[in-house]
Amino acid sequence: MLGKCLENVRNTVPLIHNITNYVTVNDVANVLLACGGSPIMSDEPADVVDITSICQGLNINIGTLNQRSIEAMFLAGKRANELHHTVLLDPVGAGASALRTNTAARLLNELSFTAVRGNISEIKALAQGSATTKGVDADVADAVTEETLDASITFVKSFAGKTGCIIAVTGAIDLVSDGTACYVIRNGRPEMGKITGTGCQLSGMMTAFLAANPDALLEAAAAAVCAMGVAGEIGWSCMRPEDGNASYRSRIIDAICNLDGATQGKEARYEIR
Amino acid sequence: MLGKCLENVRNTVPLIHNITNYVTVNDVANVLLACGGSPIMSDEPADVVDITSICQGLNINIGTLNQRSIEAMFLAGKRANELHHTVLLDPVGAGASALRTNTAARLLNELSFTAVRGNISEIKALAQGSATTKGVDADVADAVTEETLDASITFVKSFAGKTGCIIAVTGAIDLVSDGTACYVIRNGRPEMGKITGTGCQLSGMMTAFLAANPDALLEAAAAAVCAMGVAGEIGWSCMRPEDGNASYRSRIIDAICNLDGATQGKEARYEIR
Amino acid sequence: MLGKCLENVRNTVPLIHNITNYVTVNDVANVLLACGGSPIMSDEPADVVDITSICQGLNINIGTLNQRSIEAMFLAGKRANELHHTVLLDPVGAGASALRTNTAARLLNELSFTAVRGNISEIKALAQGSATTKGVDADVADAVTEETLDASITFVKSFAGKTGCIIAVTGAIDLVSDGTACYVIRNGRPEMGKITGTGCQLSGMMTAFLAANPDALLEAAAAAVCAMGVAGEIGWSCMRPEDGNASYRSRIIDAICNLDGATQGKEARYEIR
C-alpha cells in the first residue's frame, strides 16, 4: 500500500509550491523531481497567491524565515486553504527563537494544515508553546527511543488529534499519526543526520505524496517517511570508502529517483500502533 | 565554429553578474566556472550598479523574484546597457503569475537585452503578454516537436525580429534565432528535465558565451545551447545503475568542465534554417 | 597539534550561526557537519539575536549582502560579542563595490572579531579602505607568491596587530597570523579555484575550529586552513577522468568528513614565520 502512494506521485506529477529556506532549497527541488513531483519556489507576497493557485500542494518551511517570507506564508496558505490544497508545515527551529516558535504557532492557528513534519523538539515546541531546542537539531533529551516510545506515541497521537493534522515526528524512530493510528517507522540510517536538509527534503516529498493520495493521507505521509528512510539505506549501501556526507547526499536523492513501489513496499519497516 | 566560442570563454574568462534565483544559484556559479567564466552574485539595489560595472555580462533570472531583486534588476540592467555589456533575460515562470509575466515584459520593454532564453511556454507568455504555463516547466501543448517545428521556427524568428534580441527556446528541440537565421539543435537528453536548474545553468553559461564572442552573438548563443546538450549526453554516458538525478546534475557540470572546442564541434547536432 | 584542533571540533560539536550568502550556503552547512560542527542559518533581524545566543560561534559572510542581512549582521554580532562568542568575518567582494567595502569596514570597526578570512584582494581592501578586486576572486596583481611572500607576511602580521584579529589570507599560499606569528601554509590544489565557495566553506569551518579551541586560536585557524587544503589534495587524488569541478566539490567535503586528526597532522605542510 505504501508503494502505491509513491506510484501515485509518479503518475500524477503534483506541482508543489515551496516557501522554503535557501539552505536546502536545491535539494528539495531535486528530491521532488526524483520522487515524481514538480517543484516551484516563490516567497514574494505579490507572487505567491498566483503561484500556489496553479499548484496541488504547498510546503511551508520556516528555516530561514524573514518578514517578507512570513507574509508570503500566510497569503499562500490562505489561498491554498480556499482551494483545498494540501498544505504542510515544517517548523524548522521552532523552540530555538521566539520568532520561529511564534510564527509556527500562528501559522498553525490561522491556517489549516494537512500535515506538520519536524523533529521531536520542534513538535514539542509547537505543542507546548515553548521549548529548548539545540538549533535545528533535536535535543537529545527529547529523543524518541525504545524507552520513550510509548510516551512519544501518546504525545504524537494526542497532538494530531488536537490539531486535526497528520503529525510526523522524524528521527531515529519516526512516528506518523492522524490522532487515531500511529505508524512507527524504523527505516533510515544515523548517518543521514550528517547531511543538511534531509528533513526539509522529506517535507517537500511528503507534500507531493499527500497531494497525490488525497484519499489515503496517513498512508501517504508514512509512505514518504519510509521512502526517505529506504533511500537512506540504499544510498548507504552504495557508499565507497572515500565517500562522505556530500556524496551520501546525492546517493539518497539518486535512490529516491530509482525507487519503485515494489521495492519501497518490500523494504519498509514499520508497525501501526 | 561553435567550438571556437567555448574556447573564447576559456581564454577571456568573462566575469558575469547574476541576479538569479536561490534555488539553482550554486549550480549556475559552478557551471560558469566549468565553462571558463567567473561568476558573481548580487541582488541588493545599493550594490548591483557597482558590481555590474566591473563585469562583462549580466544574467537576469526571475525565478524567485521579489520586490528588492526586481528593483536591482532594473538598476543593474540600465547600468549594463550604458556600458554596452551583454545582458540576458531568463523569464522563469513567465505566464505562471501576473508578477512574473509583467516583470518580464517590463524588463524587455525598458532594458536592451542581448538574448532571452526560456522554455517555449515562457517565451510565448512574453510574446503574447499572457499564457498558461505549468509552473516553471513548459506546457505540453506548447512543445516544440517535429510536427510543430516549422511553426515554432517562424514564431521564434518573428519574436527575435520584433524584440531585436537573440531568442533561445530550449526543450527537446532547441531553437536559437536572431530574427534572420534559426539554429535547430538536437543535442541533450530527456532526463535533463529531472534536474532542477539546467535551464538556469544554460542562461548563466550563455551570458558568458555571448560576452566572450561579441562579434558572433548568434553562434555564441547556439554554442552555449549545444555545449549544455553535449554535456547532457556525455554525463549520461557516465551514469551507473545506482545513479539518479542528483548524480546526473554533477556529471553534466563535470562534462562542461572537461569539454573542449573540438569535442563540442564534433558532437553538436544542428541545422540552420 | 593541528590535528588536535579538528578532534576538539568533533568532540564538542560547536553550533555555528551563519549569516551567509545564498550561493554557497548549502556547502557551508555540509562542511560544518563534515568537520563535526552543527550549522544554523538565520538572517532576519527579528530572529538573529535569539539564534546567535544559543550558538558558540557566528560566521558573517557578506557575499550576497542586502539591507536586511546587514542589519542582522550588526545585531547578531553585538549579541555574540556580549556573550564572548567566536565571531568571524568573511568580507566577500570587499573592494568590488562601495557597499561591500564600507560594510566590511563598519563591521570591523563596530564589532569585535576573533578572525577575518578572505583572499588577498579582499583583505587589502579592508586594510586600505579601498582596492581593486576582480569580482569575488583575488586580483592577480595582489597574489601571494614566493616572490611577494616576505612582504605579504609583513602585511598580514601588521594588519592582524592593528585589528587585534587573527587574519587569514587564503590563496595558492595561505597566511594566518595573530600579529606575532604567521603560519605559511602550502596545502591545497589550484583546481579548488574552479569550485564556487571553497572560501566560504573554509570560513564556516574556521568558525567551528575557533569555537572549539578557545585556548589556541591561532593554531585553530591554521588547522582549519590546513584541513581544507589537505581535503583538497585527498579529494583530488580520488578524481576519475570524467570528473570535473562539480564532483570535486563533493569529494572535498567528503574528505573533510573522513579526515582524522592524525592524517591532518601528517599531511599538513606549513612553516611558522
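Should a chain be cited, it is by its letter among A, B and C, assigned in written order, with residues numbered from 1 in that chain.
FYI, contacts are C-beta pairs under 8 Å (C-beta built on N, C-alpha and C of every residue); 3 or more make two chains touch, one makes a residue touch a chain.
All values derive from a computational prediction rather than experimental measurement.
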{"item": "Same or different residue numbers at the chain B/chain C copy interface, by half rule", "value": "different"}
{"item": "Angle of the C-alpha superposing rotation, chain A to chain C, to the nearest 5 degrees", "value": "120"}
{"item": "Chain B-chain C separation of Cα centroids, rounded to whole Å", "value": "32"}
{"item": "Chain C: positions in contact with at least two other chains", "value": "22, 26, 249-250"}
{"item": "Chain B - residues contacting chain A, complex", "value": "21-24, 26-27, 63-67, 93, 96-100, 134-137, 194-197, 242-247, 249-250"}
{"item": "Chain A-touching residues of chain C, taken from the complex the two chains share", "value": "15, 22, 25-26, 29-30, 33-34, 38-44, 46-47, 50-51, 54-55, 68, 234, 238, 249-258"}
